[in-house]
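Right, one structure below, let's go through it.
Going in written order, the chains are labelled A, B, C, D, E and F, and every chain counts its residues from 1.
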């Protein structure tokens, strides 16, 4: 793991709205891919595979859903 | 991630009924696919793959189940 | 998503017993498949694939387990 | 779903010990396979596939872990 | 399921430390594989497949993570 | 499982910040791979497979998300 890559923007799970929480979930999921594959060129080469494969798109959705569950709990569901 | 795509309709996890919560879970799952693959034409091409493949259909169900768990908790299970 | 398909029978997560909660979990999982593939004929064609493939059977079990976790929490574990 | 198949033995998530809770998790996972594929002959044919395939064995473990999480919570972790 | 195989060592989810909780999570995951495939010889044959396949290693990690979530909650996160 | 491998650095789930919690989640996920495949040479051989395969990268993300959920709860979401 490269210490240079921040894994959580602003080092916080707290967001003002559910929408921002959802965007954070997407970012958290992407940053794990970045830290596992720090080479930007390889990531760029893999990106169309994610985005044009039905199975990968669903799997990304599953990961985001799991990240979002944590963020939503951290924000007490923005109640 | 395109900032133009809203990831949570009405920016809220709160729904009047479990049925509406379930519909929201389906929408949240689809919006992640949309934000990961913003090209509508490619999504349209992928859509039959989701809908006619037993494995993908089950995987979509798994993602919706995870999204729904969060929404149900946010609504205190509509109790 | 077709608005005609009800995603939660009786629009409620509350059941009298764990057994009924489990049956509801199975139904919720199936209704997501139905809403993603509304064509009954295609679903019928896919059904043997689910039921005669070890990997799909396990994956269905995983989805039902996730749905049941939510239903069980909603019913406070029928305590 | 066949109404004849009981999905939860004794219609209860409560067990005396963690060990019994774990056994219940295994049973719940198996009963979903049974209700999805009610034909005992086909299940018997599939059984070696589960038990001799590394990927299936891991996937069964994932499902049991998810079922057990619910059962453990229902029993307040046997504290 | 063979009744001879204990699924939870010491029949308890409580551990003195997070490290021991993690070791228990690994054991729980392995014991499900053992109970699903009780034949030690077949398990030995499958073991290199787990340990030398990137996908299986990740999947084992997912299962251990799920088991650990339950154990950590049972121990109130060792706080 | 080799007793020599520590599965949780510092034997604690508590971290000062969300960022450190996220780094811990990545480490926990990697340590399970290490304990399942203790041979460093084989792990090195597998590493490019993880890092250059879209499906594996997503699956690692799913595992980290699950580990992080536990760590975040243990830290009461750093509130």
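Throughout what follows, a residue touches a chain if its C-beta (ideal position, glycine included) is under 8 Å from a C-beta of that chain, and two chains touch if they have at least 3 such contacts.
The chain lineup, named per UniProt: A, B, C, D, E, F = Hexameric tyrosine-coordinated heme protein (HTHP).
Predicted, not measured: the structure shown is a model, and the values here were computed from it.
Where subunit B touches subunit C, the two copies mostly use different residue numbers: shared numbers make up under half of all numbers in play. Chain centre most remote from that of subunit F: C (centre = mean of CA atoms).
Measuring from the averaged C-alpha position of subunit A to that of subunit F gives a distance of 16 Å. Centroids of subunit B and subunit E (each the mean of its C-alpha atoms) stand 32 Å apart. Subunit A has residues 50, 53, 55, 59-60, 62, 66, 69, 73 in contact with two or more other chains.
Shown here, the protein chains touch around one cycle, each chain meeting exactly two partners. The cyclic arrangement of chains, read from subunit C in the direction of subunit D, is C, D, E, F, A, B. On the side of subunit B, the complex with subunit A involves touching residues 1, 6-8, 11-14, 28-29, 32-33, 35-37, 39, 42, 46, 49-50, 53, 55-56, 59-60, 62-63, 66-67, 69-70, 73-74. Of all residues in subunit F, those touching subunit A in their complex are 17-19, 22-23, 26-27, 50-55, 57-62, 64-66, 68-69, 72-73, 77-79.
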